[in-house]
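Chains here go by letter, A, B, C and D, matching the order in which they are written, and residues are numbered from 1 within each.
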Amino acid sequence: MIEPDLVIRNGRLVLGDSVVQGGIAVKDGKIAAIAADAALPRVGNEIDAHGNFVLPGLIDCHVHFSRITEETEDFRSGTQAAAAGGLTTIFDMPGSDEKAVLDAVTLDDKRKEAESLAFVDFGLFGGAGKGNIAKISEMAQAGAIGFKTFMLRETSYSVDNDIQLYQVLEETARTGRPNCIHAENPDLVDYFAQRLIRAGRKDPIAHAESRPNICEVEAISRLFLLGKHSGARVHIVHMSTKEGVPILAQAKDKGQTVSAETCPQYLLLTKETMRKLGPYAKINPPLREEDDIKALWDGLSSGVVDIIASDHAPYTKEEKDLGRDDIWKAGPGNPGVETMVPLLLTKVNEGRLSIARFAEAMSTRVARLFGIYPKKGSLQVGSDADFTIVDMRKESVIEAGKLYTKSRALTLYDGWKVKGLPIMSVVRGAVVMQEGKVVGEEGYGRFVAPLTS
Amino acid sequence: MIEPDLVIRNGRLVLGDSVVQGGIAVKDGKIAAIAADAALPRVGNEIDAHGNFVLPGLIDCHVHFSRITEETEDFRSGTQAAAAGGLTTIFDMPGSDEKAVLDAVTLDDKRKEAESLAFVDFGLFGGAGKGNIAKISEMAQAGAIGFKTFMLRETSYSVDNDIQLYQVLEETARTGRPNCIHAENPDLVDYFAQRLIRAGRKDPIAHAESRPNICEVEAISRLFLLGKHSGARVHIVHMSTKEGVPILAQAKDKGQTVSAETCPQYLLLTKETMRKLGPYAKINPPLREEDDIKALWDGLSSGVVDIIASDHAPYTKEEKDLGRDDIWKAGPGNPGVETMVPLLLTKVNEGRLSIARFAEAMSTRVARLFGIYPKKGSLQVGSDADFTIVDMRKESVIEAGKLYTKSRALTLYDGWKVKGLPIMSVVRGAVVMQEGKVVGEEGYGRFVAPLTS
Amino acid sequence: MIEPDLVIRNGRLVLGDSVVQGGIAVKDGKIAAIAADAALPRVGNEIDAHGNFVLPGLIDCHVHFSRITEETEDFRSGTQAAAAGGLTTIFDMPGSDEKAVLDAVTLDDKRKEAESLAFVDFGLFGGAGKGNIAKISEMAQAGAIGFKTFMLRETSYSVDNDIQLYQVLEETARTGRPNCIHAENPDLVDYFAQRLIRAGRKDPIAHAESRPNICEVEAISRLFLLGKHSGARVHIVHMSTKEGVPILAQAKDKGQTVSAETCPQYLLLTKETMRKLGPYAKINPPLREEDDIKALWDGLSSGVVDIIASDHAPYTKEEKDLGRDDIWKAGPGNPGVETMVPLLLTKVNEGRLSIARFAEAMSTRVARLFGIYPKKGSLQVGSDADFTIVDMRKESVIEAGKLYTKSRALTLYDGWKVKGLPIMSVVRGAVVMQEGKVVGEEGYGRFVAPLTS
Amino acid sequence: MIEPDLVIRNGRLVLGDSVVQGGIAVKDGKIAAIAADAALPRVGNEIDAHGNFVLPGLIDCHVHFSRITEETEDFRSGTQAAAAGGLTTIFDMPGSDEKAVLDAVTLDDKRKEAESLAFVDFGLFGGAGKGNIAKISEMAQAGAIGFKTFMLRETSYSVDNDIQLYQVLEETARTGRPNCIHAENPDLVDYFAQRLIRAGRKDPIAHAESRPNICEVEAISRLFLLGKHSGARVHIVHMSTKEGVPILAQAKDKGQTVSAETCPQYLLLTKETMRKLGPYAKINPPLREEDDIKALWDGLSSGVVDIIASDHAPYTKEEKDLGRDDIWKAGPGNPGVETMVPLLLTKVNEGRLSIARFAEAMSTRVARLFGIYPKKGSLQVGSDADFTIVDMRKESVIEAGKLYTKSRALTLYDGWKVKGLPIMSVVRGAVVMQEGKVVGEEGYGRFVAPLTS
């Protein structure tokens, strides 16, 4: 019998919807055994989980670590924040600078750079927009975890119209990878925004009013119809509306392969936060109402809404402060990768979500949707030895100043009390975070591609 | 007691879903009494209905009499064809020439011209597109029966995008009039057509393939969502797809005010007709499949699909023959105002639709949707004395050469056997058609505006 | 032209969902003409409706005039109460005494007796229970308006089990007449009642608790399933539960011929009334909750719940007073035929129901369901000249002492303010009530049988 | 580290919907580890799975081993048949002889007898009928796996009416255990049967005609309504009708805890089999039509229909042969415990069901429904070491003469070709069947009670 490299003992292992008392033996970065404590060999490298939950390593499938400048975030700071926040894998969006991932070369370049900086494993999205339809296939070959398309016309992977949208869908359908789409009808957004601007509105709430639910709802509805006809696997990113939930449920009931994520901000904040925090709370789609929050929680709990991601979008303080007197001038988005897990565990403690469904929504189903299951997303023999250990009794207060993300000043959760903390992140058998401190190494994180590629 | 100007006796009066034996007294162009034959006074001007059904005057709410040139059709020939076809009122689309109805002045001009030519009563649609949003209100004031908007970008009342579409919906919502929309996603149509053209396809079926059901289905779905948010009363013209029926049913179930019409061509013909008749059968949306036909009949029968109209679209033979070798070159559309009623009565005789539902779909509900009920659309005291008398036992063969429409050569029904014919059309107490012969007078037809205007 | 026997002028005629200004000419007890006032001949016998609504004669399809003794009610007092209450036709239940209608002979006997006493027209139900299945057919031949079956085992037309129930359904299916069923699961009622009795409960609310919604809901559900398999036309009498409405809607959506009535008591009263009025408010099924009331009004308004009837059930004061100290000892039921119309018109005035839907629910659809349309239930040429004229502005207070019913002391509505009163009842051209006073003649009322028999 | 008692290597472990390459270490009859082959210690007692699927031990939750006489079956022969058929646990129905389980004493008696005879683990149902409602609680205390109630009035745990049914539901609700109900409306069955008997029918098909779908459908519908009101966990045994599937789905959608099983006979045979095999194919409910089969497979595949059981009902050949000339005289039921798994694996091989869903339907979900998960039903550390190893490539022919069941002569599947065989049954670490041969010991099987009791 081989000797394990690492043994974790005395855990409450979250296996699907079961919780099993025991531990895990790790060999060569993979799970070699799930066993009763007594059946685990003694090795030099042991971790006592002290009865805490051991979850399959949590995945944030929606972060923007490579937005514009290193000033706001880079893979080093971003993946440190991720590790600190209890994550073991992140998927980075294509980026919006000149290095944006729009073909195989830029994907490989970003991969190389990230491989030298990352503390946790990472997947990379390819942008899929009007300008690079012909490059979609080669990005799939190069290991893109999926594709990101903007219906809004502001990025290098946007579409201007339904011709381009349909072409993108057809082409991503051929790759079999999910097409993750920012679902807002850009015409409606423009129309409502221009009307508010003409009326002299510059206050924060004007931002929310410029993007009423119909903007997202119409977009989701159209995407599902076109997705069905084209064969594309449409994934709705950051779903924010109550109306989206039944549309999603209906499409699934009819057998269509569709999915959706929501984010902590849509589960925890309403547009009231915009009144308090102004441009810092400007996000697209905007913060909404209590009944949207309720519908999203219900949908998440029942599994209609598939997964949770942070949509971590860093900015400089200056970029946000531009919106203090004129909300239209602030950049949209907010950091979240580091605070997501404690905020959600607090809700698990409140009974809003079971620990098993939490693990599914932040690990197992994410891995399934993006084709990396069971390598990731599961406490299963043969899977990567990625674990997040959480202490559900531990309490804390989020302190912006102590965050790893460079955009720490922008967090919307400074001073929030939380109960339930990630206390250890293990990536392929190596501890990368312990008690909130990042202890991993720069460049340890590896590129993760879909298993079928 | 006043003396009636006209008495119709011995009819089977179709009153809602009842059929009553008796007759009608008319005074000053209005129904003065519905009475048992014995209770009707004897007057000089009497019509014996010989036990035939007397329907409320049938209305074709979708004709293009003023398309481009007088060569193809004008109000004289068009309303003669209408009268011959058993209709007592028609609603004319805005037209596509330089006289297109896009403001109050052009509406008034057309009204005046039509008043001098029409054999039957008529309503006029205003075009509502990107270029004349500010004129929508004045057209409503001037008596527009409703508004017509093209999602396709080929007319002077089209919209190019959802900004314009939403603006049109908002503005027509203010008028309370139905916004009748040609529902096809223009981007998808362009995309599929260009692909076929690049593949060298010029055959008739290529036209159908360029506009698959998804084009209409996505458009209907989007229109209902935007209609709900804007408050507009969306009416889908010439609905052709099986998928449209449940979308319509669902919107109605949720309490939204929406409606749809279908046309004889979508109830009787499949794309097989394109194989036989080539460019003559090129229509937008295209002819479809047997299961679309079945779903439309079922929807019509149950009342989900509200009404039937002809979408009478005249062309010169030359315009159609252009498409003999290249289907893309033919104009889309086909004449139908004159053949619609016998074709449909034949189906009534076959048991596909009750005579009462036929009368509702071609008169009562049309009048209700467009706000002219009970002036039109009902055999009710006080209503206009508009009647269509039909002989359900009479058989005939449609002969293109004998039609009143100038586009007679283009009919798709030449040689079809029919059973069930309109034998008399009465408009405000005056007989305008008898036994298929137009006996009315040019300029007798009056302008019909919504009652609430 | 014949001369009418009666002309009503200056009415607002409720014709389906239209209201037409004008009048009605009557000849030989039938409607000879619906006409504009100017088109009506002058005759000796004229009624000026003074602009009030003229409704098709209202029908109460569920009364118990022949319960046990003449002390509580008979056809004379009952039909006087009906006429006073604005009704022109009533359907009497089989009765529970030795004269109960269980075969053709007893039906004929009751018919003869009623023909000598009735002030308004009447139909007669046959009982259809375990003991007389073989007699169902002959009662249909003799003109039974429908059949009444009790699931409770307390009458001579009850069923003890599903064998008998199914046999009754099969046999009534052959007649094509509606099978009107008291839908409560007798086993559940017994079980819950016995439990309360064992617990020493004798208070009024115990009655309501002994028949929770499930008793009716299970019964309706079972009846619809067995009705579908047997081909019977199941009509649920006095539906009282919110859960019943969607079950009914679902069966109709699937194309089954089912129907239901509710009663003023289930639309106006909750079990609070039991607290106040004790045994007088003991009715089967029992008074329920506000959300039941809301669901029933919504269902009535949308047409899912078809019709309204009184379930007029007279008792002596003694029979009710027996329940003062022990609710189980009181007889179930309450008089209502005379107060129903003003109570409901008050709700029409409040906007809860349109006047047109009220007329449909109390006349047109009743007539259709029981196969006497268009003889009854319609202001149509050739129909019986039955009218109820209502003054919607007139206010009054219900005074128990002034009622015509012998059970006047038991009314639950003494002192209620109403707005909207029936001011004239006309049966086959003869005025039987004017301004609340019965002016008709004993024995004028005629037996009404289904038209198809 | 402890040394395992048994190691299974080289398997394809079916873990939820994943399949993992590796093996299992067993200690003290429980799973001590799930591990990669290389991570498993070498021990004396090893099994090479040769790459075959290792399923969590399969459970047949519906067998009648203790019907009447030892002549037809006893726990010895029955559990040998179960082991041979790939099962590791069975749940025995209460029995119909004088030893029927109707209280804690009889349950204990049966438990003791079974403990001395059983080759595999077993749970015992308590009967719950009109005669022993007061004993339900004590049977739960004594470890009854659930309760069985007959709506048919032929056993000592039947109910005669809804009072008794509701009482049983209320009382089983208190125990929290599933109430497994034979769902057929006895009145309808009696009625239809008597009619056929009166018509002289004695042929096999008459049996099917006497119990049309409505008998089961009405029963299911009523059970769910009463189950909801009483709080009972209703489990429909041997569901056979297509209509049952949507009723089940709808109840689940509304959040009610309900479940259903179907059986191989309803998934594989139609009433055509009755024509061929006469009384041997007489089963209650009866064999049905192809569209029922299709609906049940679809429901099983989607998970609406929860689980599969055999309803193994042994008879002597004489008892069945009684029905050769008169179908009414034959006993209803058929043996199936031994043939179920190969028959179903053949369908898995045909693609009708995934191996993972098969394992869920015959093990995991069974264990969950009956409260013994994760002790049974899962390949999880700490669970009982119950495994069924299946060779999906192995082909065979079912030979009645070689079956272990005493009722072998009655099998309906003699001569059927199968592909996919259970090749090893392991109960708590001990091999009880190998290559079809029972190698376990009489009296090894243990009593299984719900975990919460």
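As a working rule, a contact is a pair of C-beta atoms (placed from the backbone, for glycine too) under 8 Å apart; a residue touches a chain by one contact, two chains touch by 3 or more.
All figures in this text were calculated on a predicted structure; none of them were measured in a lab.
Under the contact definition stated at the top, no chain borders both chain C and chain D. Between chain A and chain C, the centres computed from C-alpha atoms are 63 Å apart.
Separating the centre of chain A from that of chain B, both taken as means of CA atoms, is a distance of 52 Å.
If you average the Cα atoms of chain B and of chain C, the two centres end up 44 Å apart. Under the contact rule stated at the top, the pairs of chains that touch are A-B, A-D, B-C, C-D. Residue ranges of chain B in contact with chain C, taken from their complex: 1-2, 4, 13, 15-16, 18, 20-22, 25, 27, 30, 32-36, 38-42, 374, 378, 380-382. Those residues of chain B that touch chain A in the shared complex are 161-163, 165-167, 185, 187-188, 190-191, 212, 214, 217-218, 221-222, 225-226, 229.
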